[in-house]
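Just so it is clear, A, B and C label the chains in written order, and each chain counts residues from 1 on its own.
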C-alpha cells in the first residue's frame, strides 16, 4: 500500500519537476531558437513569440557571410586551437601524471603545490602578454594553443595521476623485464590503458577551450585571429538592429557542445565529477 | 651507489609540460608582483612603489569592484551549493523523467557563456523582456534587472547560478551515490523521518562533495569575467564591476601597472579565502 | 642452465634495512623456493635478482656474470608476477610476443616462437583473446608463456598462485613442477605458503627479517630445523614449542610435531584435557590443554572421537623430539 503511494508520489513530483525545469531551463533555449529565425524587425521586439515569418535559412546564410565569412574563419581558428591544445594536454598531462604517481621523491610535493596554484590562481594577464610578446607568440594561434595548455595542465595532470594509481606497477615492471625503454613503457603499455580517462579529458577540455572567451580576448586580438566566442562579441555591436542574426550566431556556436553532450554525456559526467573531487 | 641505473620514470617526461607551465604561467605570475609596483607600458617599467595600490584603494569605483567581487562570489557559490544539493537529492530520489531532468539541468554548463549572457540580457529587458512580461500577466511588476544599479550585480549572479548549478548538482549526485544505503536503512529503523534523514545522514556524509562544490564555485565566482562582460560590461556605471572586469578595463585603457596590481589583489584575495578554507576543511576531515 | 649467486647482498629503503647481507648459491637447474612470513624480505630479494630494485651493496651473479648493475632485460631472467601483469589492451599473442617485438625480431620468428610457447602451455586456441576473457588459470599460463618465450637463463616467480582457488592451485603446482622438469631451467620461486615450498622445491631458503634462517631440501628442513622459527614455519599443523625448563629438558626450546605425538594410557609423558577435536577423515587433529604447558596439538591417523573434557595421556615418538639451544 505504501509502495503504491510512493510510486504515485514519484510520478507526481516527476511531472511537476519537468514543468518547472521546462520553464527555467528549456524555454531560454527555445527563445534563442525562435529569435534566430525571426525577421530583424520582429526580433528587435524581444518578444517570446512564435515567428510570424520563418527565415531560418536566410538568417543562417547572412550570418555566415557577415564580414567576409568571419564565422567560418572563427570556426577554423577555434578548431585548430582546440585540437592542438587538447592533443598536447593529453600527452603532457599523462606523462607528468605518470612520473608524479610512479616516482616518489621530495620534488613531488613541490610539483603538487604548483599544480594546485595552477588550478586556483587566475593568470596574470598583462605580464603574460609581455612574456608572449618577448617570445614572439602574442597574437599567434600557436601562442594561444600553448596558453591553453599551460592553463589546462593542472586539471589534466591531477586527472591522470589519480587514474594511473589504479594501474598496477607490475605492468611497468613486466614491460621493463621484456626490455622496454622508459618511453616504450609509457607509450606502448601505459598510454593505451589510459583511454577511458583520455576520452573524458578530451571532451571536457575541448568544450572548455572551444567556449573560452577571456583568453582569446586578451592574447589573440586581430581580425585574422578571431575565434567563435569573439564573433559574438564583435557582432554584438554590429547587429544592434539585427538581433535575429546575433541569436543565429549563438545557435551556431552552441551546436558543437550540443553534439558533444549528446555523444559523450557519460564521459563528461565522469570527468567533471572526478576532476571536481580530486581538484 | 644507490642510483646506479636510471629510473624507469625519467624526469624528462615532465620537461615539456614544465617548460610551457613555467614560461606561460609561473613566470607571469611571479612577474606580476614586480610590475604591479611600476608604471608600465609593456616596454619600460618605472618603479613607483605602492602607488598603484594606493590609487586602487583611493578610487571608489575600484574599491566597489573589490566589494562586488566578494558579494558575487559568496552569492553564486552559496546558491549553487544549496540548490545543487537540493536538486541532487531530488534527482536521485527515483522520480519520473529523472535521467532527462539531469541532462536538462546540466546542459547549460556546456553552452557558451557569452551566448547565455546575450540571451538573458534580452530576456531580462525591463519592458519588453519575456521575464517581466510573464510576471506582468500574474500582476507583478518586474524590476529593471540589469539596468537597475542596485540590482544589476545580483541579476548577473542569477544568470551565473542558472548556468552553473548543473555542475554543482552533478558533483553532489556523485557524492550522494557514494553514501551507502545502509545508513538510511539504519536511520529508518531508528525511526528517523525524511527530514531528519536529510539533516542527520545526507548533509554530514555528503561533506566531501560540499567541499568540492564550495571551493570550485568560490574560485570560479572570484575570477568571474565573461558573463559580466556579456551582460552589463560592469555597468550601469560601475555598479556590477568586479576585479576581473576592472583588470580588463585598466588594460584596455593602457594602465598596465594598475591592471596588474588588480591581478595581484585578485591573487591575494583568492589565496586569503581559499587557503584557510581548504586548511579548515581538511582539519575537520580528520576530526570525523 | 645457469646458476644464481648472491654475495653479501643488502638493500635499504631509506633508513630501513630490508635485506641484511644475503649469501646464497642457486645451482643450475635447481628449483629454489624463498619462503617466509610477509615482510621477511623474500619478495625484495627476488626483485633485486630481477633488477627491479637496486642493491644497496653486495653482488649478484647470473651464469657467472656480474649483473648487479645490469638492466633487468639484460640479465637473462623472466618473471611471473602475483597478479600476472598481463597487458590488458593486448591479445594473448601480443602479450607473449611483446618482448620479442620490442627487440624488433622478424615477424615470422615472433609468430613461430609465440606459437611454440602457446602449444607447450595448451594456449593455442586462446591466442586472439584479451586477458579479461580468460579464466584465472589461463591468465597464469599466459604469464608463464610470456616468460618461456624469452628463453631465459632463470625464471623468477613472485607468489604466482596466490590469486587462484585451492583446487586450481594444487593443479598449477603440478604443472609448474612438470614445466621445471621439461625445461630443466633454474627457477626461483617466492611464496608464503609452506605447502608450495615443500611440494615443489629442490631447495628451500627460509627467510626471516631480512636474513637467511636456514637453507636445505624440504625434508632436511622438516627433519632437522635449525631454529624454532623454521620449525614453526615448516609443517602443518605447527610444531608444538615449549620452553625447555617447562618440559624438564636441558635446552632453550623444546619442540615436538603434532604427528609425532601418540595417545597412550601407558605411562604417558603428559596428561591433558581434550578441548577440541577436528575430524578430517583420514586423520584427526586433537587440541589439548596440558597443565603447566598450555595448548598442545596432536595429529593421529584415522578417525578418533575422544570426548571433549576427557583426560588423555600423551607421549612423544622417540627420536622425533627437537631441542634448540
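Just a few scattered comments:
Criterion: a contact is a pair of C-beta atoms (placed from the backbone, for glycine too) under 8 Å apart; a residue touches a chain by one contact, two chains touch by 3 or more.
Remember, it's a predicted structure, so these values are computed and weren't measured experimentally.
Distance from chain C peaks, on a Cα-centroid basis, for B. Closest to the protein's overall CA centre, chain by chain, comes A.
Ranked by C-beta contact pairs, the top pair of chains is A-B. Between the CA-based centres of chain B and chain C the separation comes to 58 Å, rounded to the whole angstrom.
In terms of their C-alpha centroids, the spacing between chain A and chain B amounts to 16 Å.
Rounded to whole angstrom, the centroid-to-centroid distance between chain A and chain C, based on C-alpha atoms, equals 54 Å. Multi-chain contact residues, meaning those touching two or more other chains, occur in chain C at positions 51, 71. Residues of chain A in contact with two or more other chains: 176. Taken together, the chain A residues at the contact with chain B in this complex read 10-11, 13-15, 17-18, 21, 24-28, 31-32, 35, 45-48, 88, 92-93, 95-96, 98-100, 102-103, 107, 111, 114, 117-118, 120-133, 135, 146-147, 149-151, 153, 157, 172, 176, 182, 185-186, 207, 211, 213-214, 217-218, 228-229, 232-233, 236, 243, 246-247, 250, 253-254, 257-258, 260-261, 265, 268-269, 272-273, 276-277, 279. Residues 50-52, 71-73, 77-79, 81-83, 85-89, 98-99, 102-103, 146, 150 of chain C are the ones that touch chain A when the two sit in their complex. Across the complex, chain B meets chain A through its residues 6-11, 13-14, 16-18, 20-21, 23-29, 31-32, 35, 40, 42, 90, 93-98, 100-101, 103-116, 118-120, 122-123, 125, 128-130, 133-134, 162, 167, 170-171, 173-174, 208-209, 212-213, 215-216, 219, 222-223, 225-226, 229-230, 244, 247-248, 251, 256, 259-260, 263-264, 266-267, 270-271, 274. By the touch rule above, chain B contacts chain C in their complex via residues 1-5. Chain A makes touch with chain C in their complex at residues 168, 170-171, 173-180, 184, 188-189, 192-193, 195.
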